[in-house]
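Below are two complexes that have chain A in common, paired first with chain B and then with chain C.
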Partner chain A sequence: MIAAEWLKFRTVRGWVVAVVIALAAVAFLGLTDSQHGSCDVSACTPLLGPGGEPVTDNFYLVGSAATGNGAVTARVSALTSGVRTPRTGNQRVTVPWAKAGIILKASLGQGSAYVAIMVTGTHGVRMQDDFTADIAGPPLKAAWMRLVRSGSTVTGYASADGTAWTKVGTVTLPGFPATVRAGMFVTSPQYTQTSLGVAAVSGEASQSAAAFDDVSMSWPATSLTGTDVGGPSTGPAAGPVAGFTRDGGHYTIAGSGDIAPATDGPSGSGVTLAQTLVGTFLALIILVVIGAMFVTAEYRRGLIRVTFAACPNHGRVLAAKACVTGGTAFAAGLAGAAVAVPLGLRVLRDNGVYLAPVPMLTQIRVIVGTAAVLALCTVLAVAIGLIARRGIAAVTAVIALVVLPYLLAVTTPVIPLDVANWLMRLTPAAAFAVQQTVIQYSQVDEVYAPAYGYWPLPAWGGFAVLLAWTAVALVLATILLNRRDA
Partner chain B sequence: MKRALKAEWSKTWTDPGTIWLLAGLVVATLAVSAVTIAATRCPASGCGEDPSKVSLAGIYLGQVITAVLGVLAIGTEYSTGMIRVSLTAVPQRLELLAAKTLVLAGPALLASTLAVGACRLAAWLVLPGHGFTAAHGFELGSAGQWDASFRTVLYLVLITTLSLGVTAVVRDTAVSIGVVLGLLFLFPVLASAIRDQALQRHLEQISPLFAGQDTQATTGLSSLPLSPWPALGVVALWAAGALILGALALHLRDA
Partner chain C sequence: MIDVTHLRKSYGGTVALDDMTFTVHPGRVTGFAGPNGAGKSTTMRVILGLDRADAGTTLVNGKPYRALRHPLRHVGSLLDAGALQPGRSARNHLRWLARSQDLPLARAGEVLELTGLAGAARRKAGGFSLGMRQRLGIAAALLGDPGILMFDEPFNGMDPEGIVWLRGFLRALAAEGRTVLVSSHLMSEMQDTADHVIVVGRGRVIADDSVAGMLRRWPSLEAAYLDLTRTAVEYRGGVQ
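== the complex of A and B ==
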């Protein structure tokens, strides 16, 4: 059965040529761009955290060296944030992830291991370590906090009154050095304001100041010194001044920056791995047209009656057609993507374009996922072609369901962000989440929009949406095939 | 020519699909526009959006249906073999194509006007309540908006004629709609992946879909890749090019 359908497929020279064009489109269309980055290869090395992920590590630290086991306690009584704009001058704002608290950090170098407990602008007390881990504590705006180190284990406590303590969490940091820096810190991330769609996003560097008192360290007391970790920020976002003042047991510390995983939003480089796979869309349209013609051409020429005479089980005919077209599309997509992804990464790096590191497993997921999306879209076209018995209906439906929502959500600033996110949850275009290589973090405020490569569903979830659409179309096609005469 | 027009007219209206497509054009365009209008807010700090483009977001889907309309007008004749009968009745092939274009343009113009009008009405009713007020510098129903509406109607009609021309060359309906929708949708996807500013701008200038977007604009005209009227000219060039190719193909080839 499959052999017969395969024979029908490969003997039409136009279709074979078209599949080869589709393969080449996936492989090379995304590479034709002569894009060049503004930095050469050495300057483009991103700051990496202990886990190898790109991070931001800028904050103001007031502390001293601390060797061995011990504890550090401090109270944050107030945390205020502001932005400075050329237009309005200094302006008091609420920065949800402004951070003030106590920290144990492996070294003063950026990207080194750390564990910290802090009060935040609006997210209460948090205990975070090594950039990606985040534990929620009691929802306090001002709190006493304590970190207790025992070997490589650090436990965090928080208290509203300084007497009744709540344990927030315990983390283990393998390889945490014996001597670390212990102290108080303040940092304040980019202040992001989304008013509408993606078009109206404004971000400014913010500055936060916190009042600390009741400071105690169990290590032999040396004088506390201030360090602007990461150095004063430069460039267009520079401005907020970092530093500290001491008045007896009271400290006022000001800082700007963030201790968090780096994300890639409107202020980012805007380059994602998916852009090297832009040829997927040309391939998709070609393969969908072939898939639709593969069934509707038989109806037009009456060949379908011969096919059904040879195999009276209509469901099996559908299955064989789906296997042949879907399999061909998968093979073409796999071959194309397997060329485009490694080559694209290389070309981007050689051209000095910054791209967050993509782990090998993610690359494989992108390659296989792209091939699978092409295969399922082709099968969807076959199923709709059998339902409608007209090629134009199948092609129009699949393009309107897959390409159009992608276009609206990703490249059109007119569509509001929440509508874009719903499009990417409900339509088969959700499956393009398999090409997502950036990671969303709940502890970083960012405009997580499809336009910047952030999909509302995880890769497997988006793929499941397309799978569901295809399954429904196949079931409907089977029912109609068994009911209708050819 | 009069006879050819009359023949095309009765062929168009005796196909029940035509009326469904025209109705679908209005409904689909309004549906997408209505969702966009309902979800768009203009905060007190200032709007980043052009209310004209917001209210016409449905054109993205509407143009798909106008393209189908154009493809079916001549494509079904090829798939059924009717084209040979048509050419026997009207042996002057250019006359046949001209008659088809004119007969197609009429209903397309009517349905497009209804679709754009419905979107404008929805915007006029809802957008002022969402912050798009005169205080923010938005006058719904201004002369600029009337112009933009007029251009958008013409854009939809031009997409229909473009599809007709492409189909006269390609002949197969499935392939034709693939070519037309590819022409419309691949430019923006490609442009979004390109960092080279100059190349991106050129792509935005020659892309029929981007040009269509520019025809809807009423604010921020200086930052557009093309001014609204020249943008409509770009779409007209695409449509004229396709029609000329279609006429040549029809003239030179056997049916």
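== the complex of A and C ==
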């Protein structure tokens, strides 16, 4: 019956042409929409952390060389942040992930290994190392902090009064050099505002200043020097002044930037691999309409009776139609994505757009996943076509269920973020999480919205949601087929 | 051979089939007559396993239709000449049907030849006249060279030449020993084509007799039909 249904499918020219258009949409729409970046090739080279992931590493350090085992202690008594805009001048704001604390860093080079303990704008004391690791400490706004090094192991402590200490965590840094830089640091990430809960942001560089005292280092005393790691910030919002002043045992340090994994949302580079696949939405519309029509056109003409007379096991007809349309959609999606991803990456790079590196296995998952999602959505449309029997009803249902949530949540940030996230958890469109190539970090403020490539569910989770929808629709269609007159 | 036994079916409150019982024998053309809504099409759909009866059974050559592995090799049917995808050519319409029955694709060409459509094989079926669609439907029914044939109103839309052709064609099929059931409103056509007639009304059999037997009691089949369906009395001929 599959052979018969395939012959049926390929002998209607309109359907074949539509599939070819769907393929071309996936393959090339992402290219015509390609963006242009301002960076030349060298500036676009991403800064990588010790684990190979893209990172941000900009902060102001006041410290000295420290060889071998030892400890550094300091108190942060106050941390304040502000933004400066041409319109409003300096403005005091709360930057949740502003950081002030003590750090042991392998070198002054950006991206080198480190371990640090700090107070933050609103997240209390944290102990972080090598950009991606984050341990929560006591929820203090001002604290005494201590880092103790023993070989490649560093233990962090925090205290509210300087006498009763709480151990925050112990981390091991294999290959941490014998001589590192030890000292105090301040940094302050991009300040972002989300307006009206909509996933649109406005943001500018922020600057933070912290007051330190009670500083002690167990290493032979050398004078502390200030370094703006990563260099002074430049760009349109340039202004945050980094530096430090010393008054006896009191230090005031100002810094801007972040020590954190780089993100790809509006606060980060803003470009992800998924953008090479924007044509998926057009292919999705075409393929689900074909899937529904492949069934409903037969009901409309009464041809379904001829089909059922030829195959009295009506469930087999459903299975054959699902296989043919699903297989066709898979092939079109696979061919399209296999062109779009490598070609799109090249075009973006040639246009000078910064893109975080994506491992080959992830690229393959995105390509095959996109094809599989298109295939399953088409099968879902076939099942809905059988349930609804009427073309308009079926197409409306499929569009409302699959295409609309996808468009609303993904292409433009027009609906509140919470709604977008729930749509991407519950509707079949959740499966487009297979196109996610970026990692969400709780210690970085970012607009983690589907529109920027951040999905509420992991790839397999979203795919499972679609699988469940399809399974339910197929079961319902089979039950109705066996119950209803043709 | 088609056996229809005590079929009952109602849609909502409307009774469509009310103890419909008859047998269609091979080797002759059996006419299936009755007013609109008498249950002819419903009966045919139940025979083909398309509709479910509330009670009763239908057997084709002693088996339920749904139990047939390649049903079109046993039963060929034409219920609705319009049941076509307009964008698909006549030839491709027959080719997918051949595929579904594991028949060689060349059968499509053979039945197109048989029904006089060879010249229009590659044309889109959407552009066919009703008469041509009827021929295409008949071609589809003949695809599996079945022993049983069922046609619902095959004379509709046919030109006089087509009617003459179809009349001879149906008689030839019966003469080959096939079971042929043909529904029609055209009593004069039935009189010239059928050997046997089953008249139904309100979901049950009113008369089941040879055409010759009917003509002994009424001047014409048309007169018999009008008389039988008006009074709706049950009449069963002596000859089976």
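The criterion applied here is as follows: the second predicted complex is superposed on the first by the 429 of 486 C-alpha atoms of A that agree within 3 Å, B and C clash if a C-alpha of one lies under 4 Å from a C-alpha of the other, contacts with A are read in each partner's own complex, and residues count from 1 in each chain.
Quick note on the criterion: a contact is a pair of C-beta atoms (placed from the backbone, for glycine too) under 8 Å apart; a residue touches a chain by one contact, two chains touch by 3 or more.
Just so it is clear, the model here is predicted, and its values are computed rather than measured.
Once chain A of one complex is fitted onto chain A of the other, the partner contacts of A:281 are limited to chain B, with no touch recorded for chain C. In the superposition on chain A, A:8 contacts chain C only, with no contact to chain B. In the superposition on chain A, A:464 contacts neither chain B nor chain C.
In the superposition on chain A, A:404 makes contact with chain B only, while chain C stays out of contact range. In the superposition on chain A, A:298 makes contact with chain C only, not with chain B.
In the superposed model, more residues of chain A are touched by B than by the other of chain B and chain C. When both complexes are overlaid on chain A, the residue A:485 reaches chain C alone and has no touch with chain B.
In the superposition on chain A, A:136 contacts neither chain B nor chain C. Residue overlap on chain A between the chain B contacts of one complex and the chain C contacts of the other is empty. In the complex of the two chains, the chain B residues touching chain A come out as 35-36, 39-43, 45-50, 53-54, 57, 60-61, 64, 68, 71-72, 75, 79, 172-178, 181-182, 185-186, 188-196, 199. Interface residues of chain A, counted against chain C in their complex, comprise 1, 3-5, 7-8, 11-14, 297-298, 301-303, 305-313, 485-486. Residues 45, 48-52, 65-68, 71-72, 75, 77, 79-80, 82-89, 92, 95-97, 99-101, 140 of chain C touch chain A in their complex.
Looking at the complex, you find that chain A touches chain B at residues 29-30, 33-36, 193, 195-197, 199-200, 270-271, 275-276, 278, 281-282, 285-286, 288-289, 292-293, 296, 300, 353, 390-392, 394-396, 399-400, 403-404, 406-408, 410-416, 418-419.
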